[in-house]
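Notes for the one structure printed next.
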Amino acid sequence: MVGGGQGAFIGGVHRIASRIDDRFELVAGALSSTPEKAKASGEALGLDPERSYTDYEEMAKAEASRPDGIEAVSIVTPNHMHAGPAIAFLEAGIHVICDKPLTTSMEEAERIAKAVDASSAKFILTHNYTGYPLMRQARQMIERGDLGKIRVIQAEYAQDWMAEEPDADNKQAAWRTDPKKSGGGGAIGDIGTHALNLATFVSGLKPEALLADLDAFVTGRQLDDNAHVLLRMSGGAKAMLWASQVAMGCENGLTLRIYGDKAGIEWAQENPNRMTFTKFGEPKQIITRGGAGLGGGAGDWTRIPPGHPEGYLEGFANVYTDAADLIQGKADGALLPGIEAGLEGMWFIEACIESSKAGGTWVKR
Amino acid sequence: MVGGGQGAFIGGVHRIASRIDDRFELVAGALSSTPEKAKASGEALGLDPERSYTDYEEMAKAEASRPDGIEAVSIVTPNHMHAGPAIAFLEAGIHVICDKPLTTSMEEAERIAKAVDASSAKFILTHNYTGYPLMRQARQMIERGDLGKIRVIQAEYAQDWMAEEPDADNKQAAWRTDPKKSGGGGAIGDIGTHALNLATFVSGLKPEALLADLDAFVTGRQLDDNAHVLLRMSGGAKAMLWASQVAMGCENGLTLRIYGDKAGIEWAQENPNRMTFTKFGEPKQIITRGGAGLGGGAGDWTRIPPGHPEGYLEGFANVYTDAADLIQGKADGALLPGIEAGLEGMWFIEACIESSKAGGTWVKR
Amino acid sequence: MVGGGQGAFIGGVHRIASRIDDRFELVAGALSSTPEKAKASGEALGLDPERSYTDYEEMAKAEASRPDGIEAVSIVTPNHMHAGPAIAFLEAGIHVICDKPLTTSMEEAERIAKAVDASSAKFILTHNYTGYPLMRQARQMIERGDLGKIRVIQAEYAQDWMAEEPDADNKQAAWRTDPKKSGGGGAIGDIGTHALNLATFVSGLKPEALLADLDAFVTGRQLDDNAHVLLRMSGGAKAMLWASQVAMGCENGLTLRIYGDKAGIEWAQENPNRMTFTKFGEPKQIITRGGAGLGGGAGDWTRIPPGHPEGYLEGFANVYTDAADLIQGKADGALLPGIEAGLEGMWFIEACIESSKAGGTWVKR
Amino acid sequence: MVGGGQGAFIGGVHRIASRIDDRFELVAGALSSTPEKAKASGEALGLDPERSYTDYEEMAKAEASRPDGIEAVSIVTPNHMHAGPAIAFLEAGIHVICDKPLTTSMEEAERIAKAVDASSAKFILTHNYTGYPLMRQARQMIERGDLGKIRVIQAEYAQDWMAEEPDADNKQAAWRTDPKKSGGGGAIGDIGTHALNLATFVSGLKPEALLADLDAFVTGRQLDDNAHVLLRMSGGAKAMLWASQVAMGCENGLTLRIYGDKAGIEWAQENPNRMTFTKFGEPKQIITRGGAGLGGGAGDWTRIPPGHPEGYLEGFANVYTDAADLIQGKADGALLPGIEAGLEGMWFIEACIESSKAGGTWVKR
C-alpha cells in the first residue's frame, strides 16, 4: 500500500475491502510521505519494519527484487500523488490498484496510460460503486436488452459535508479543496467522476459531448462544489449529471436512473440492496440483491442471503476480489474499471472546467 | 365552465376542486366545441339547458347580461383554446380561472395579458401544485430565511404514459402531441411549466437564463417528450429541470429539492403529505402536513388532521378556494398564480425551443 | 346531518365526502344538542332556518312528513349519541349513514340492529377506510384467489396524539376518553374497530376468538390507550392487531399486511396510493392506485390518473357515493359496511375488555 | 472453528465477520462431523492439516496443549451441536463464541451455563443484530432517558423463505425444520430469539411473562413457522412479537419499534443505516449511522462516514471485535450477549411452546 497512513480515510477502506474475501495480505507499505508517520503507521498495522518504506520508489524497487515481493500495490494517496507511484510500480512489473480519479491532469493521465501499455502488470482503478451487486446486475440487464434502447440517464452524487467552510483540521476536506493536490476538479473530480463512471458502466454508453455549469458556492473555495452537467451519450441517449458537496441533507446521495424504450431502473447507493425495475405497462418491481426472480444476476457477487444487507465495503471488496482473480488468471476482469475509465474521468473533469469557463458551452470528446 | 365535456380529463378535476370547500356552484357552461356534445354534457351535469351554451362568446355575453350571471368561469380546454375564451370573459368583466400553460404562443399570451390589464376581473392560472399545503409551507420557510440563501434547485416532472406511441383513441395524448393544439411545447409545456412554476413559487427566485436539450424519443412525435434544462436563477442560484413523458416507471414524478446555505428541503408530489427539512449539522426532519413542530405552516391550508392524507384534489381545491376569497375580496390572493406566472411559463417554453434548436445555447430572459 | 356543529371534526369530513362526487346536498340538520349552537351552526352552513333543528326526533318527524324531506341522514355525533337518532330516522323510513363505532354497548347495538331489520331504510356505517381504492382492490384480489389461502394478518392502527394528558379544551380527546360518551373502549373503539373492520373487509375472514392485553398508560386515563390483541380467524388464519394512541411518532398509522399461501400484500394508510404484492418466488411489485397491470381493480373507484394522489377524503367519498348508488337502487352496496360490521365491532370492543379484565384470556365469538 | 464446512451458511459469515477488523486469524478447525468433509473444508480454507480436526473434543484437547493453541473458538454448528463443543472448549479454558440459539433444551442450556461459571474462559453468543451501530445507539438513548419510561415494544422478524415445502436438498431448511437438530422451536428459535434479544438489548427490559399462538402452516411441518407472541416486560411495558417464516414478500424483516412516554424510535434491519426518532410534539427525525447530531452514538461502532452503508457483516464484525477486546482485556464486553441472553432465549422458546400447547395461556418467567 502507498498512502493510507494515520489520519487517512480511504486507506482503511481499501484494507478492509481487500481482507473481506481473504484474497490479499498486507505485507509492505509506504504509508505516508512523512518518514516518521510512515514508520509509525507501518508499526500500527503490523508491517515488518524492513518492508515499511518511506519512499514509494524505493519500495517498488525493493519489492520487485524480493522473492516474496508484493504482487500488487494499492495506491490510496491524494490525487496528485497517484501518477508517480502508479508508474513506478507498473515499471517494476507490480500490479496496481489505484484510487480514483486517475490523477490531476490529462497530461499525467496519458503518462500513466503509456506505463500501463508498456507493462506486463495490470492496472485497476477503484471506481468501487461498480462493485455493488445490483449495479452489476443492472449492467447485465441492459446488455441483454431488458431495458431496450436507452433514452435517458439521470445520475446524481450529492453530499453536504462541504456545505460550509470546513474546519482547518479537516484533512479530508483540505486536500480535496486544494487545486495542487486535487487537480482542477472539486466535486466533479471527487464524486462527479464516480457518477459518470457508474452511468457508463451500467448503461454501456459513452459520453460524446458535455456541457457544464460549475459553481463554488462556499466563500473562498477555489474548486467547484456544485456541478450541473448535461451529456450526450453514444447511441443518442441524453444524460443529466448533478454532483454537489453543498446539498444540505444529502450524505452520500449517489443515485442512478436509466430509462430505455422497454423499461426503466432506479437505484440509490444509500440503500444499495434494492433497485426498482419497471417494464412499460406493468407494475414496478423491487429487485433485491440476490432476491427472487433474478435469474442469476446480483447473486453472483454477494456473500449472504437476500434481506441481509451488504454495503459499501462489500461492494468495494468485489472490486478487490475481481482484481485477485484477474491477477491470478482466474478471470478476465471484464467488470473491472481500468485505465480507460481513468482517462474518461480525466476527460470529464477537464471538459467540465473548459465548458464552464466558456460560459457553459458544449465540449466534444 | 368552458370545455370539460364528455371525454375530457381536467374539467372533472376542476369541478371537484371547486366543490370541495363548497365555494362554487356550476350553473353555466360551454362544455364542448361540438354543439351536440356540449348539450349532452350540460345535461349530464344538470345544467339549466338555457345556460348550456355551444359557443363561449355567446356564453360570455349572455352571462354578463343576466342578473344571476356567473361570477367566474373556468377554462379547461386544450391550450390553443385558452386565449379566445379568456379574453372574451375578461372583456365581459367575468373572473377567469384558466388551465395551464397559458396558451400556445408568446404573442397570444401577451394579448391575454393586455386583456387582464384592461379588465376589472381577476385572472388565475391553475398551477395547482402550488396549492399543496407543504409547498406553501416551504415557500413560507424560504421567505423567512429558514434555508438561508438559495444555492441549488433540482426540479423534476417525470411521467411514462407517452413512452410509446399512444393508442389512436387516446384523446388526452392526441392533443398534447399535436402542435396545433398544444403549441410548440410537448413535455416542456404540459409538465415542464409546472416544475418551473413550482420551483419559482417556492423559492421566490426567477429564471434569468436557460439552456435546453430537447428530444422527441418516440418515433414520429412532433413535440418534445424529454427535456433536460439548466437554469440560472436570480440571486445566483442554479437549477436543473428535467421533464419527461418517457421515463418508464414514473407516474407523476413531480419533485422539488431546494438547497440553501443553511438548510435543504425535499418533496415529492406522489406522497405530498411529507417533506424533509435538514439544517446543516442536524438530523433530517420529516415535516408532515399539519404535523408537529410547524408553527402554523401547512396547517393553514388543510382540512383534516396530520396522518390523514390529502391529495391532488385537495391541493387543487386550495387554489379554487383562494380564488373565491380573492373574488369576494376576503383575501389578496398572494399565493395565486396569475398572468405573470403564465407569461413566465410561455417564456420558458419558447426559450427551451429556441435553445434546443440552436444546439443547446443559453437564452436570457 | 345530526351532529357536526361548530367545534366538531368528523362532521366536516362527512360534508366534504358527500360533496366530492356531487351526489348529496345538505338541506337539513340537528347540528348540536345545544340549541343556540345548533342554530348558529345551521346558519353558518346555509341551512334553511326552518330545517335547522334543535332536536333529532323533531327533525326525523318533520323531514319524514315533508314532500321534499331528506332521503338520508348522516349521524356524526359522539358514540353515545348514535343509537337514539339512528333508531328515530330508521323508524321514520329515512336512510341512515352513521359514524363508527356503532354505539357504546352491545345492548344498544342490538336495538339498532332490530330497527334496521324493521325498517325499509338502509343503514351504512362509515368505516371509511374500506373506501380506499387499493383496499377494495386487495379484497378483489383475495376473493379471486391471488393470495391463496390466508394464513396471517397483521393489522395496526397507531397514533400518538393522546400520548400525554390532553389539554382541557381538546374537545376531540375529551369525549373519546370519557366512558359515558365513548363507551367502554378507548383506543380499541376509536381506532381498533377500524383496523379489525378493514382486516375482515379485505380478507373476507371473520374473527372467531380473541385475546387482549389493554393498557391505559397515561396517568388517570379511564379507557385503554394501547391494545395488544391476538385473533383467531375463520379458516384457520391468525391475526395480530395493535391499536395505540400513545405510539410517539405515529400520526395515523393504519397498516394492513396479509399473507396467504401464494402471495402477500402490504398497505399503509398514510401513503394509500401504493400497495405491495409479492408472489412466492417473484420480485415484490408496487401496485399503484389505478396504475399499470391491474386488470380493473382500484381504477374503478378513483377519479384521477395514477401518480396523482388521492387521500382520506376521496376514500370517504367512495363510501358516500356507494351509499347514494345503494339508496337510488343503482347498485347493491356490496362493499358498504352496515349493521353486521357494526355488531362485529361492538363484539370486538366488549370481548377485548372482557379478555383483558380476566388477565388476558381467549374470548370466543 | 467448529462447524462451518462446505455447504454451511453461517460459518462463512463468522469467518468474514472475524476478519473485517483484522482481530482474528483462522488457524484450526473441526469443520464438519463427517471426517472427509472436515478435511476437505480445512484444506479449502488453508488450514494446517495437523490442525484440521475431525472431532471437536480432540481439537479442544490438542489446541489447549499447544503453545500456539487457539485463544477462542467459534461454534457454528446446528443447534443440537452447540452444547458438546461449548462445554469441551470452556473446560479446556478456550474462549467460546457460539451461534444462537444457545442449544435445543433448557436442560442442556443449564449445563452450558454451569460450564461457563466454572471456566476462566469467556462465552459470547452471537446475537449479531446487537452489533448494528444504530441498535447500540438506541440502547444508549434509552439508557440515558431520551425515550422516557418505555410503554410499548413492537418487535418483528418476518421471512418467507420457508413459505412452501423447501426442496429436499435445501440443507439450511432441513435442519431448521427437524426437531432433533433444531430443538422444539422453529421460527421462534431461529428468528424469534433474535427479535426478543434485540428488544431486551435495546430497551433494557426483561420479559416477565408471555403468551404465544404458534402455527405450522406448511403441510407436514413439525415445528412452528409462524408465532404470535404477547409479552409483559419489566417496568410495566407491553410487547408484541411476531416471528414468521411464511410471510410472503418478507426477506429478513427484523424490525424494532419502541415507544416511551417522551419519544419513540423505529428501525428496520433491511436498511439498517437509518432509524427514526420522534419526541412528542416535534417532527420525526431520521438518525443515520454516524450522521449529524448524534453526540457520539453509532459513530463509535462504524468504519466509514455516514451515507456509505454498512450492513449485516459489519454488525456481525462489531460483535467479533468486541469479543477480541474482551478476550484481550481491553474492554469489559458490556454490549456482548452472553450466557444470560442464551438462557433467556431458551426460556422464550420453551415458554412459547408451553403456552401454545395449552391453547394460548400466560407463562411466567
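Every chain is named by a letter (A, B, C and D) in the order it is written, and numbering of its residues begins at 1.
Following the convention adopted for this analysis, a residue touches a chain if its C-beta (ideal position, glycine included) is under 8 Å from a C-beta of that chain, and two chains touch if they have at least 3 such contacts.
Keep in mind the model is a prediction, meaning the values are calculated, not measured.
*Asks:* Computing the C-alpha centre of each chain, which chain sits at the greatest distance from subunit D?
*Replies:* B
*Asks:* Suppose each chain is reduced to the average of its Cα coordinates; what separation in Å results between subunit B and subunit C?
*Replies:* 35
*Asks:* Measure off the straight-line distance from the CA centroid of subunit A to the CA centroid of subunit B, and report it in whole Å.
*Replies:* About 42 Å separates the centre of subunit A from that of subunit B.
*Asks:* Listing for subunit D: what residues touch at least two other chains?
*Replies:* In subunit D, residues 250, 276-277, 280, 284, 288, 291 touch at least two other chains, as defined above.
*Asks:* Which word fits the touch map of the chains here: line, ring, star, complete or other?
*Replies:* complete
*Asks:* Across the complex, what residues on subunit C touch subunit B?
*Replies:* 9, 12-13, 15-16, 19-22, 159, 161, 250-253, 269-273, 288, 291, 303-314
*Asks:* Which residues of subunit B touch subunit D once you look at their complex with the stated criterion?
*Replies:* For this pair, the touching residues of subunit B are 276-277, 280-288, 291-293.
*Asks:* Quick check: in the complex, which residue numbers of subunit C touch subunit D?
*Replies:* So the residues of subunit C touching subunit D come out as 147, 151-152, 154, 160, 163-164, 211, 213, 215, 217, 226, 228, 230, 232, 238-240, 242, 244, 246-250, 257, 259-266, 276-280, 284, 359-362.
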